[in-house]
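Letters A, B, C and D mark the chains as written, and numbering starts fresh at 1 in each.
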Amino acid sequence: MVSSEQMTITVKFWSYFRDYAGCPEAAIEIDNGATLAKFHEIVCDQFPKLADAKNSTLKAVGLEYEDDGFVLSDGDEVSFFPPVQGG
Amino acid sequence: MVSSEQMTITVKFWSYFRDYAGCPEAAIEIDNGATLAKFHEIVCDQFPKLADAKNSTLKAVGLEYEDDGFVLSDGDEVSFFPPVQGG
Amino acid sequence: MKTELTITTDPIDEAALAKRRVMDNGMGAVVCFLGVVRGNEGNETIAAIEYEAFEPMARRQFEFLFDALGQRWPVEAVRVVHRIGTVPVNEPSLWVEVIAPHRAEAFDACQFLIDEMKQKVPIWKKPIPI
Amino acid sequence: MKTELTITTDPIDEAALAKRRVMDNGMGAVVCFLGVVRGNEGNETIAAIEYEAFEPMARRQFEFLFDALGQRWPVEAVRVVHRIGTVPVNEPSLWVEVIAPHRAEAFDACQFLIDEMKQKVPIWKKPIPI
């Protein structure tokens, strides 16, 4: 159960980050008001292989890129992925 | 009749230079060893409207551009035309 | 500016795309780019590339790029087709078309779109060995 | 480098040209350019442009440009179609295709060819009023 000081954030992993995490997505509990940077740290603690790619990780909330300072809200859907390679 | 000190050069006019000259081509007699520059002068004397466009005239001998210093030979085919506009 | 974005597992049909082109009388330049899967990736010989897209985000990011392009150049229309799934060697994975009044802006806008796409649009590739 | 030059009074058939394309497995980029007759030339509204070519010299000059291009970029193939005679507004007068391993060189080589063509190849245009 989530306490009133915590929120649930869904994180999706794309491309080989899915292999690193071992799953396509996860629901993570985190303190209210946490930033995207803090969330990233927590996810890296839980999925250590993602920590190795931390500096090259691209981060989106919903359908848009967001900076580390972005303050998450309960129910946000975060995506972590490696550099894109379209074309 | 062409004397042995003279040669015959054919000149072709392209695009609106044909209208300026009033004909698509002409055979011109000129001294042996004349340069393309000298030939151009003589053609401009004969077709005065071409003299107005003298500085923007492009000059070819056969199928290649040549400089004013190019020395003509008997039977050469010269082309004079305005700036090209392909595409 | 007219825009058309297709993200599909179907092969890219250039002839059909050319036939559907509609352009204004004031337009003088069409630039098309095809990105084609090469038979080697690094030192490895491959059979195909598998493209994966986070499609809703890819669509949003393409919209941003179309907006940026339209603010910068007087382009009449942009069409993009990105094939995803398995794309065999020698087949196109990307087709981009830009229609503009003049040549220079059509080339610049087309290259801008591809450059930016390769930075922003969440599509990834995985080489499939022979 | 493979080259193909067509100077013709026939309309340019993009779909047929696309179908006839053959490219090596090492090639990753195709850039096509279409130059289309605009409905106005300066301030004048026109119906068509009449293109005139000094064709043997145009062919020779294109050969020089193909040679220069091949020395500068690792291009596999260049195809050029220039329509001459009367080309109605909204129809293409020029089609250029460059095939190369990578995008940047395909774009650069294609633009080089068109820029140089507009300086060197003896083709002229005359607007046909409505």
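As a convention for this text, a contact is a pair of C-beta atoms (placed from the backbone, for glycine too) under 8 Å apart; a residue touches a chain by one contact, two chains touch by 3 or more.
What you are looking at is a predicted structure, and each value in this text was computed from that prediction instead of being measured.
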| item | value |
| --- | --- |
| Reaching subunit C from subunit B through chains that touch each other, fewest steps | 2 |
| Of all other chains, the one whose Cα centre sits farthest from subunit D | A |
| Whole-Å gap separating subunit A and subunit B, where each centre is the average of the chain's CA atoms | 75 |
| Distance from subunit D to subunit C - Cα centre to Cα centre, in angstrom | 22 |
| Distance between the centres, which are taken as Cα means, of subunit D and subunit B, whole angstrom | 28 |
| Residues of subunit C whose C-beta touches two or more other chains | 35, 103, 114 |
| Interface hub residues of subunit A, defined as touching at least two other chains | 87 |
| All chain pairs that touch each other | A-C, B-D, C-D |
| Complex contacts: residues of subunit D adjacent to subunit B | 35, 51-54, 56-61, 82, 93-94, 114, 117-126 |
| In the complex, subunit C residues that touch subunit D | 14-15, 18-19, 23, 25-40, 89-90, 92, 101, 103, 106-107, 110-111, 114 |
| Footprint of subunit D on subunit B - complex, ascending | 12, 14-16, 58, 60, 62-65, 79, 81-82, 84-87 |
